[in-house]
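Below is one structure, written out as structure tokens; comments come after it.
Naming follows writing order (A, B and C), and every chain is counted from residue 1.
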Amino acid sequence: MVASTGEVGSDLLFEVDRFYATQQMQLDSGDVEGFGKSFTEDATFALGAGDSVPGGRAGIVAVMRGLVERFQAAAVHRHHWFGMRQVDHSDDGAIRAVYYAIVSHTSSEGAVKLDPSSVVTDHLVRAADGALAVRSRRIVLDLPGRA
Amino acid sequence: MVASTGEVGSDLLFEVDRFYATQQMQLDSGDVEGFGKSFTEDATFALGAGDSVPGGRAGIVAVMRGLVERFQAAAVHRHHWFGMRQVDHSDDGAIRAVYYAIVSHTSSEGAVKLDPSSVVTDHLVRAADGALAVRSRRIVLDLPGRA
Amino acid sequence: MVASTGEVGSDLLFEVDRFYATQQMQLDSGDVEGFGKSFTEDATFALGAGDSVPGGRAGIVAVMRGLVERFQAAAVHRHHWFGMRQVDHSDDGAIRAVYYAIVSHTSSEGAVKLDPSSVVTDHLVRAADGALAVRSRRIVLDLPGRA
């Protein structure tokens, strides 16, 4: 794990909050291309200790498109909820964010269920245009063998 | 939709966060009059593409009082949870907030269920005393035909 | 209830957010000792109008260790989610935070359930090293007879 070199100021923390709100609203509304642009071209995206999705941003978009289409076909509305976030500078110049995530699924009849919660660790960097982008995301689901 | 003319600073964002926390704690604790004061006299409040509640603030208070009494009679505790909020200045001088909302219901036996999630768009303005107030609220529930 | 003497600035609000994120990640990950250090030695911790856990920090740690061990034995992952928080200065120099809390439980099969929601009122003070610490916590669960 990359060490922390200090806390972030309030302006950066707000920018990070906004970044996640935009990113997840894109994903939940089915804008997979927009969602993809919030990752670097060579971003890694991994579940637990497992391998990363291959192919960087393009691979992440492909996986997310499949998920989005599956839920759309089932008429399920998903919302990603992030909470309890901590944001630090990491010693390689990235921004490290650690937070809880949980996903609500609302069926066409209005029944709501929650997917297993997770703890997510992101490293964010600046893209060429100055915007934030995810360089790496690691999601640890609260299931056995996913540490 | 009113265009955004820029992001808000951290002080305003905090004020907005606090405004929502106060407003929803009023609603969830049954202080419908206090809740009503967080809307302008002529506020609009609409579900999806449907018509707005008629009567401005007074109409909103009447609808909310009915809901609050119904849940109190059933001994259900409700909590409104907002998340993933984005706050911008809109080009007519209002503050536009877009966020997810979900409502938890706890029964007198301790069973918890969630209402269908929603995406809410508010326009906030300053009341005569300088406090924030909702001028318009549009709630898009995650149910078919509610876009 | 201690009266409020004013709102907090954004830097303090962020510090409070971070304090809670750290505290709850410690609890949810089973670091009960770390969690305990976020309370003063003589902290009070009460459910509703009931008596406080006896013994200050040591008593709180003992109760929490029992809970953590019980959920670990059942292979249940818990996450505490705080929302809709309000933070003020109280007139005795403490920081008063009021917020909603809800706890998600994920079973080893991935089923998620929520514990009854609550409204929590904390008074935070500065420890000798300048860090925040909970001097008192009162949790009002949304269940009958818990006001």
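Note that a contact is a pair of C-beta atoms (placed from the backbone, for glycine too) under 8 Å apart; a residue touches a chain by one contact, two chains touch by 3 or more.
Just so it is clear, the structure is predicted and the values come from calculations on it, not from any experiment.
Taking only C-alpha atoms, you rotate chain A by 120 degrees to land it on chain B; that is to the nearest 5. Different-residue interface: chain B and chain C share under half of the residue numbers found at their contact.
Taking the mean of the C-alpha atoms as each chain's centre, chain B and chain C sit 26 Å apart. Multi-chain contact residues of chain C (touching two or more other chains): 10, 83, 114. The residues of chain A lying in touch with chain B in their complex are 10-11, 14, 18, 20-22, 24-25, 75, 77, 79-83, 104, 106, 108, 110, 112, 114. Per the touch definition, chain B reaches chain A in the complex via residues 7, 10, 13, 83-86, 98-100, 102, 113-117, 119, 142-144.
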